[in-house]
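These notes concern the structure reproduced below.
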Amino acid sequence: MDNRNIEFACVDVERQNRQGFAEVVFCQGKTHEQVVSILEILLRECQGNVLATRVDPILYDYVAERLEGLEYNDLARTMVWRRGPQAEEGRILVISAGTSDVPVAEEAAVTASVMGNRVERLYDVGVAGIHRMLEHMDVIRQARVLVVVAGMDGALPSVIGGLVDTPVIAVPTSVGYGASFGGLAALLTMLNSCAAGVGVVNIDNGFGAGRLASTINRLGGVTI
Amino acid sequence: MDNRNIEFACVDVERQNRQGFAEVVFCQGKTHEQVVSILEILLRECQGNVLATRVDPILYDYVAERLEGLEYNDLARTMVWRRGPQAEEGRILVISAGTSDVPVAEEAAVTASVMGNRVERLYDVGVAGIHRMLEHMDVIRQARVLVVVAGMDGALPSVIGGLVDTPVIAVPTSVGYGASFGGLAALLTMLNSCAAGVGVVNIDNGFGAGRLASTINRLGGVTI
Amino acid sequence: MDNRNIEFACVDVERQNRQGFAEVVFCQGKTHEQVVSILEILLRECQGNVLATRVDPILYDYVAERLEGLEYNDLARTMVWRRGPQAEEGRILVISAGTSDVPVAEEAAVTASVMGNRVERLYDVGVAGIHRMLEHMDVIRQARVLVVVAGMDGALPSVIGGLVDTPVIAVPTSVGYGASFGGLAALLTMLNSCAAGVGVVNIDNGFGAGRLASTINRLGGVTI
Amino acid sequence: MDNRNIEFACVDVERQNRQGFAEVVFCQGKTHEQVVSILEILLRECQGNVLATRVDPILYDYVAERLEGLEYNDLARTMVWRRGPQAEEGRILVISAGTSDVPVAEEAAVTASVMGNRVERLYDVGVAGIHRMLEHMDVIRQARVLVVVAGMDGALPSVIGGLVDTPVIAVPTSVGYGASFGGLAALLTMLNSCAAGVGVVNIDNGFGAGRLASTINRLGGVTI
Amino acid sequence: MDNRNIEFACVDVERQNRQGFAEVVFCQGKTHEQVVSILEILLRECQGNVLATRVDPILYDYVAERLEGLEYNDLARTMVWRRGPQAEEGRILVISAGTSDVPVAEEAAVTASVMGNRVERLYDVGVAGIHRMLEHMDVIRQARVLVVVAGMDGALPSVIGGLVDTPVIAVPTSVGYGASFGGLAALLTMLNSCAAGVGVVNIDNGFGAGRLASTINRLGGVTI
Amino acid sequence: MDNRNIEFACVDVERQNRQGFAEVVFCQGKTHEQVVSILEILLRECQGNVLATRVDPILYDYVAERLEGLEYNDLARTMVWRRGPQAEEGRILVISAGTSDVPVAEEAAVTASVMGNRVERLYDVGVAGIHRMLEHMDVIRQARVLVVVAGMDGALPSVIGGLVDTPVIAVPTSVGYGASFGGLAALLTMLNSCAAGVGVVNIDNGFGAGRLASTINRLGGVTI
Amino acid sequence: MDNRNIEFACVDVERQNRQGFAEVVFCQGKTHEQVVSILEILLRECQGNVLATRVDPILYDYVAERLEGLEYNDLARTMVWRRGPQAEEGRILVISAGTSDVPVAEEAAVTASVMGNRVERLYDVGVAGIHRMLEHMDVIRQARVLVVVAGMDGALPSVIGGLVDTPVIAVPTSVGYGASFGGLAALLTMLNSCAAGVGVVNIDNGFGAGRLASTINRLGGVTI
Amino acid sequence: MDNRNIEFACVDVERQNRQGFAEVVFCQGKTHEQVVSILEILLRECQGNVLATRVDPILYDYVAERLEGLEYNDLARTMVWRRGPQAEEGRILVISAGTSDVPVAEEAAVTASVMGNRVERLYDVGVAGIHRMLEHMDVIRQARVLVVVAGMDGALPSVIGGLVDTPVIAVPTSVGYGASFGGLAALLTMLNSCAAGVGVVNIDNGFGAGRLASTINRLGGVTI
């Protein structure tokens, strides 16, 4: 199976290199050997950034001994090889409601960044202290795309979506207890948002949110 | 069955008259004749306010032809006979997120009012335009008890609960569509509220919220 | 309540007129009189397009007798007063899987159109005959934003999302029977899409999808 | 992130010191170092009681070696620094249905106590032997606020709520097996309570119940 | 299909006549003509009691014009032809929590009665006023089998089951609103009953409860 | 808490000794020391059988070193001290569908046995090979009470309930995978049984089934 | 939209005529005019059988006045134009558990028949009287493909699947009440069938079952 | 219990040997000793292939030391003793959407193969890159039966089912995260497939799919 995976990856690489996109390896469920094999070929055959997600610390140690030039983000659990240019403007802003939501927010931020976007972060501004969020309205309004990450009641995207005309990508997290049911409560909150103009991704899917934010941000042009 | 119901009601009446509470008849599922029979005895044997809930317009017409002195609230679908004193201070504030949530909010407001409390209303201040709610923070902060009614994403109690130290009773409504699942989304949001100090009642249960608010408000003393 | 609604609407109008956006009235749950009152003020005080959604034929007849210049779309159940300019380029493409999904697709299309976007439609290209969709890949690839509407298995956004780099907004519909559970099946399919870069809105929420598509499309610049 | 957390905490402290409230640190999901850092600042900068919840024994050992003056409750898994006055009257009564529900009940009791309230406990009086509860009706009736904690069938708050006019805060626990579905059964029971005047918090959320009870109890005046 | 139904019914009749059981026709989903055809044959070919359930008033009128000797219970929506002996002792007691639960309780009571058992009723003794139930403990303790019918929180079987050593059959009803989810809340409560020795039947299934109660009661011997 | 538990247990013991019932200790969630303390008092103060359920092998070893005369059933995970008489007739038959359901079936069988009933077992006769069950119809028909334990599709109680007039207690187990959802599928099957006269207990609740079977069986008289 | 639908239908017709398959029109959600337009073209342009499903009596009357040669099945709610040959052997057997499941069974039977298969029926042989089914084992064993339709507990496919080596297609129906949750209980039962070799289709999806049975049956060769 | 299992197995063996089927041992939940005992008898008394499923590596090591001639498939977690003939034609094609779905696909493939069928595999052709699947349409069209295995959005069977007239068996897997809810999302997608002619088995039930595919494939005749 390795062969097909790797060949296929490169076909995509060719197509995506023209677009300044990164190659992505989803590591969960793959063996350490498989991850290194795929990464070796990507780094040799392709020219843009390379991203690996769902990387636990043990896998990171294994890879770091074998491949050079990587950055590890232990919150996002991502590895990145930055080799392409980075955008100077057209900010994606990643917002998290609580500190426990940060790992998912970081996965979104790293993903968007490695795909060539300029990314900023605004963390721990959940609705339980809404003034914290309101103090940063100017930063929020200047962003081109907002990724809003929240667990528990998942109410933050509704509040922000009601204050801006920017596209909002809402990411429910599995943070919570009791009747949060693994993120279901936050997911339903976001789908039922009173504020129109909010698109929702799967629970804990920081990668998907970062990818969608990048796709949207490129519409505005990305100066590199 | 009528006899037992009515006898029991009066036993309670005696106990509750000392507390200034109203008698309550839940009309849904009762025949028009049953409702009138129960009300006649309550009005004759008891001395405080009398409240009937879940009163559709046809039942109202039927009762209004037979019993005098009632007020009908067509939003709350309540009938009230006001015969007891009303509190002058110690405000319960009933807040609704949207205009569609108003019937449930009114049921809560009428219930609390008829139980002797001073009640004020603040409607249509949902999170999709959070500045509307923020403009009324002084009114919100002066209340002794807050009843916050919201459907769809149910996010309003979280936001308000994070701004005050007042007891907050959250009432999810079945207002919404798609994945609101008859109020389940709002219910889960409220149970998972990031703001501590929020108690939740059943979906659309304005009566229960008004009753609980009244019980709490009496702790602060009610000047009549 | 009418007064506050109307005042608030105009406040928003001022803000939104600068952006070329339409005013929107959600008619479900409002009386005929309320709808006309709100529309009269919007048409008098504001200058852009005006949109009313969830308009059943009886409401349409009522309004059409009282207000001029409206277009009624009986599939989308929308009324529109077009008074602003329309974009010439930067296409939003609305795709529906089946003919039963068309009402929701139309609500999305009308919403995006009345907010100033150029909108095209591609209907009845569901995965049960995937060649129908593949024959239109050039049209699909040329769009700036894709709104993909599907009920039953909800599989179409996954297939399309795997073929393009365009932002995809997925709209599950309540079309289906048995274990579709009112659109839940399609909703879960879309949230779990194998294709990254898909944002999901609530079941049957064509308006939300059109609004989000418009917000995204404006990033690419809208020549009017 | 630490800095912002800590700064924010102190802002709140200033506001809350005037109210005799405790500072609270939710430890789950925080590193040992983070917990100690936050606690050090709270203990130095603030003057009231300090509470830490969700403290497992290993964290307790870590903190106890570094900070003095704490009380550890191994059932509630709380750490408390008592430095403020305690109320002499206006009792909050915490009731548990079974012995397995005691940890959640204790979290509620410690929370209410550390916020300055007088708290009493009545444990193991579930409905499977209703006479046990009935024997304590005088104690139950004398309380200002009742916190009723129950897992499995969650029936206790309904029974108690039908016997008193006191505000009842119902706390479902995840205690149970089979079709209890992690506390869902008890949660639904409580939301559907036949007794009006019951407010429900999230599954296992002893802290939230204690916080709400404290907010309510302060309405009755707290002699310190 | 009629023929097969009727033939099969008689085969069963022969077997059941020896046991003094009644023949049962479940009318919901059958045409008026089908019901009369089946009843005619049962009344001619068999000798014991005959029971028809789920009989709406229109069907009753139709049957009453064509077949003699029936008793109609408009609460239970049952028709009965009593032709067999009735037991003098060995009481089944049917208890309902609220007046809205009475139709289901009556279906259980009629079913058990027509199967030859002595049946008594105790209605409107739900847990919201537990003293009402406690006043009847002697009647409850003297029964051989208890059928306990409750909607909303469904807590009554737990309370009764904890006070007696008698077999308890719990019947959840769909009475309730909001998060009762059509009787699901009461069903889960009963399955999670703290009191051992409670068997549960389907929501609103009064017939099944009456049938099971009869089967149990016959173990104790039935003097006819 | 120990004291209250133990005192209460003995109060019940006195009442239950007259009925030949066993004392029961539910061990899950209790410490080893608590279990031994409770058992010591029960064995000293009471005279009938003693049963402990949910006993894992480590607890068994701990208890066996301290208390004499116990029987451990490693399938049922029960400990029993048999000191009372055993019934000679009036058989309870415990039936399991598959071998994986045997632990729950054994818990039911041991419970019924230790409460003084004569118990027989018929295991591994599920509906996937219905002839296995049919071969034992004479044994099944001779039982006074049937306890039918099944996981996966949970279909066995329906089939057996359609063939006998004996009370059937259905016990769903959590055995299964995929869409069995921890026993929910079997639970729903049993509640919707086409065969009337089936009472259902909680998932995996062998103890409850054995207890209910014993209560029913005593109606038929138990010769000891 | 009509044009595209009709053109597409004919393209499929050409492909399917070679296979002896019928053309199918799903009428639910289409206007009377649309149905007639599509049928006119199918009947003119194609040569095999034509099937219309989900046809209510009013639509039937409308069509019958305009198009000749149709057979209406009022249980299955299907219209058929039989113009192709019918198979003489290779029987598909459609089995229903109860009489209420017959409409779905008939939809399956008509669908399979109109696709050229020989179809037999065996109705009302559910597990509540398993001997009825066992009496027909020879008929069941002689079939090539079995379609087994059941509501309520949905247990019949498990029992039959354990007795034969024939492919079994299980169809859950929405027949039932209480905790059948619109067919969910039967669906889960079938998915968790102890008998291997059972394939499940959607709730009430008789058409899908008939179509799958036909596809399977053709593998065995169809003598026409 | 061992004896009954083993005897029963042989009874089935005799019946199945005539059909060229394999004997199957489901190992999950059985002790190592039980597995070896059953296998020893099967290998001695029966003559066809023998299959053991749900074999973890530790069990494999245990068995491999004691019994000869087995093949272990570590992806499918199966052990096979091949002793019967293999079909030369009449291909079953097993398709997987992603590499994470391969273990379930392999269980299906091994099961079908060991039951005497010719099996081919086509892996990693999910809808996120639909061209991969389309490139293999000739292989897909030549198969007699298709087993399509997919997790996450579960969309692949819909796409394939719309392109072929072959029976499709859809197998949802528990692969996914967030709102996949352990395979529920994929299961619902498949049940709601827009393509008729798709039969679904339980989540992760590769064995059931292989068994059903084999039963279907035998209808077409199997040349051995």
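Observations on the model:
A, B, C, D, E, F, G and H label the chains in the order they appear, each numbered from 1.
Quick note on the criterion: a contact is a pair of C-beta atoms (placed from the backbone, for glycine too) under 8 Å apart; a residue touches a chain by one contact, two chains touch by 3 or more.
It should be emphasised that the depicted structure is a prediction, and the values quoted were computed from it without experimental measurement.
Pairs F-G and A-D differ in how many C-beta pairs touch across them, and the larger number is found at F-G.
Over half of the residue-numbered contact pairs of B-C are shared by just one pair in A-C, A-B or B-E, which is B-E. In this assembly, the C-alpha centroid of chain A lies 37 Å from the C-alpha centroid of chain H. If each chain is reduced to the centroid of its CA atoms, chain G and chain H end up 27 Å from each other.
Chain D and chain E have centres, each the mean of its CA atoms, that are 44 Å apart. Once the centre of each chain is set as its mean CA position, chain D and chain H turn out to be 52 Å apart. Contact with two or more other chains is made by residues 129, 178-180, 184, 187, 191-192, 202-203 of chain H.
All chain pairs that count as touching, in label order, are A-B, A-C, A-D, A-H, B-C, B-D, B-E, C-G, C-H, D-E, D-F, E-F, E-G, F-G, F-H, G-H. Residues of chain H touching chain C in their complex: 97-98, 126-131, 134, 152-155, 158-159, 161-163, 176, 178-181, 184-186, 188-195. Those residues of chain E that touch chain G in the complex are listed here as 1, 4-5, 8, 12, 29-30, 172, 174, 183-184, 187, 202-205.
Here chain E touches chain B in the complex through residues 99-100, 102, 123-124, 129, 132, 175, 177-180, going by the rule given at the top. Within the complex, the chain G residues that touch chain H are 19, 21, 144-145, 165-167, 169, 187, 191-192, 196-203, 207-208, 211-212, 215-217, 219-220.
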